[in-house]
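Two complexes come next, and they have one chain in common, subunit A, joined by subunit B in the first and subunit C in the second.
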Partner chain A sequence: MAAPAAPGNAGNGAAEEVERFDATSMRFNTAVIGRIRTGAAVISGSTAGILGLTGLYGFGFYFVASLLLSLLLFVKAKRNVAAHFSSPSAITTDGLFDGLSTYVLLWTFMYGMVHVY
Partner chain B sequence: MAPAAIPLLLDTSIRDWVLIPIVIVMFLLGIVRHHITELLKSDRIDDKAAKAALDGQGLLRARVLRANGRFLSPLAFQMRKNFFTQADGGDDSKKGWLMQERPKPANPMGDPSQMMGMLKNNMSFVIPQMLIMGWINYFFSGFIATRVPFPLTVRFKMMLQRGIELPTLDASWVSSLSWYFLAVFGVRGLHTLVLGEGNAADQSMNMQQMAGMGMTPNPTVDMNQVFKAERENLDLCVHEYALANIERALLDTASVSATSTTSKLKQH
Partner chain C sequence: MLTRVAFVLGALLLFNAAYSTVQYRNFLKMAEKDQSGLPIDIVLQTLAAMVLATWAIVEYTAPFKNIHGSNERVRYDAVDNRPIFYSFQHRGALLFKKQ
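Right after this comes the complex of A and B.
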């Protein structure tokens, strides 16, 4: 264990700094990301269905919407993802494929409502 | 953009009486299952679970002591260490917390009541699904329900258009059963939104969550082994008091801030 750096020489203390994190907060953050992703999947799925996107355009729309959401999350995290998540890719990849099934359901539903019937 | 779609007119009653009801039923089924599980759960908080939580939290405390003990004074650290690892003392209650014997875990396969619990859990998941599939098969088979907005290969026809013998029909027109499957996977996310994370609406998701928790120890793990490992770690932990020279360090900062920045630069 590295001793906390003396105030005079903070420079070399940073290298020995041990990474600490709170497991409860991290789980909470991941859960929040999952909820946001699902909510976004519901909205983007309905949008894609109403617009009548088909095939690859629809799947592409999901990933574009997710990317946009990731950007917004990045801004929300004050551009410091490492402060809230253990891996830097957490805000882009977490729950991406859980959201996809919800997206497909809403997409098909809205597409059916608007364009089939 | 889209492959030239054959205009196929579907009866709007199919939408009102098949498409929408299936989604609503799937959604409500999850909510009902969640609340039933919650109701049953309140009875199941037993002595065993409480003991397991106690063990887990104690272990966590030992780990925290190991990680951050250097901020404690030597005496305080030694007292805490003794609390965990004291060897002598004769009777069990005076022994260190990590030295006390824990009961051996029962083999989950050998315990019939636990087996029944697992079986019941599985049944509560499988039976409603089977009932709903039967319901859909019985009432809503033999016609097209909707069209999925993405192309599917001909292989899917057999599975998704069962009961519709139209060889030229595009595979993306699907029957109500495939709409049911879409709903099964899709409502999972909606349940997360409505009931919160870790709800009991969907068993498979619950399992994943359990595995990811790690706070409550797995009941099949022999806690004696875990405690032994932690005890050895704690014994090996050398206490280095981080704040031993704190007064001097404080005075140093005071003198540094008192002198001008130029002299500080010279020092370095």
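Right after this comes the complex of A and C.
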């Protein structure tokens, strides 16, 4: 929907411009990020299990893998985060802990398969 | 297509690394060596497989949409267009009836 620009003084109209975002596109992007985070948690969890990480090293590895994921998301957003997200935290910290349970599931599963049995 | 191939390749590399680790641990048990840690080639293969598969997942999903401005713009002459209020049962049918 094309909303009319916020009325402001002709002189400093740009300063009073209200930021407007397309809600449908924002929801779409958030959903895409959520799907990617789940998939990445599966992959990094399996990796942690195969490497035989235990304790805090395993949790530390999740955040290292999230850092890599943020980098890949930055490239996917064509290095222009502001065009696709209202805040840069969308690709760094938003929903960071959503994938943690999936990660722990795959981590313990692969650790058990490879190192225990 | 490329991302699908990359994902399958990454998953296979990951599986291969897991299998190598199992064999290595069996070898350690057989040789009765007590040693923790994995050979560097298995570690590198696992990490490379993770990077490849994660990249494939990120690029396989739909591209992000621009949130500035709408993708379906309404033209100015259609702003007050409300198709749901169209009425075809009006006086026109009587006024312009053929005599």
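The rule we apply is simple: the second predicted complex is superposed on the first by the 99 of 117 C-alpha atoms of A that agree within 3 Å, B and C clash if a C-alpha of one lies under 4 Å from a C-alpha of the other, contacts with A are read in each partner's own complex, and residues count from 1 in each chain.
Everything that follows uses one rule, which is that a contact is a pair of C-beta atoms (placed from the backbone, for glycine too) under 8 Å apart; a residue touches a chain by one contact, two chains touch by 3 or more.
Here the structure is a predicted model, which is why all the values come from computation and not from measurement.
Trainee: Is A:113 touching the first partner subunit B, the second partner subunit C, both, or neither of them?
Mentor: both
Trainee: Based on the superposed arrangement, let me know which partner A:62 touches: subunit B (first), subunit C (second), both, or neither?
Mentor: neither
Trainee: Quick one: is A:77 in contact with subunit B, with subunit C, with both, or with neither? Answer first, second, both or neither.
Mentor: A:77 contacts subunit C only, not subunit B.
Trainee: For A:44, decide between first (touching subunit B), second (touching subunit C), both and neither.
Mentor: second
Trainee: In the overlaid three-chain picture, which partner chain does A:101 touch, first (subunit B) or second (subunit C), both, or neither?
Mentor: Once the two structures are laid over each other on A, A:101 reaches subunit B alone.
Trainee: Give one of first, second, both or neither to describe whether A:35 is in contact with subunit B, with subunit C, with both, or with none.
Mentor: both
Trainee: What residues on subunit A does subunit C touch that subunit B touches too?
Mentor: In subunit A, residues 1, 35, 39, 52, 113, 115 are touched by subunit B and also by subunit C.
Trainee: Under the touch definition given earlier, write down the residues of subunit B that touch subunit A in their complex.
Mentor: 1-3, 10, 12, 14-15, 19, 23, 67, 70, 146-151, 179, 182-183, 185-190, 192-193, 197-198, 212, 214-215, 240, 242, 249, 252-253, 256
Trainee: Using the touch definition up top, name the residues of subunit C that touch subunit A in the complex.
Mentor: Interface residues on the subunit C side: 10, 14, 17-18, 21-22, 25, 38, 43, 46-47, 49-51, 53-55, 57-59, 61-71, 73-74.
Trainee: In their shared complex, at which residues does subunit A touch subunit C?
Mentor: These residues of subunit A touch subunit C: 1-2, 20-22, 24-26, 28-29, 32, 35-36, 39-40, 43-44, 46-47, 50-52, 65, 68-69, 72-73, 75-77, 83-86, 110, 113-115.
Trainee: Please name which positions on subunit A make contact with subunit B in the complex.
Mentor: These residues of subunit A touch subunit B: 1, 3-4, 6-8, 23, 27, 31, 34-35, 38-39, 41-42, 48-49, 52-59, 98-99, 101-102, 104-109, 111-113, 115-117.
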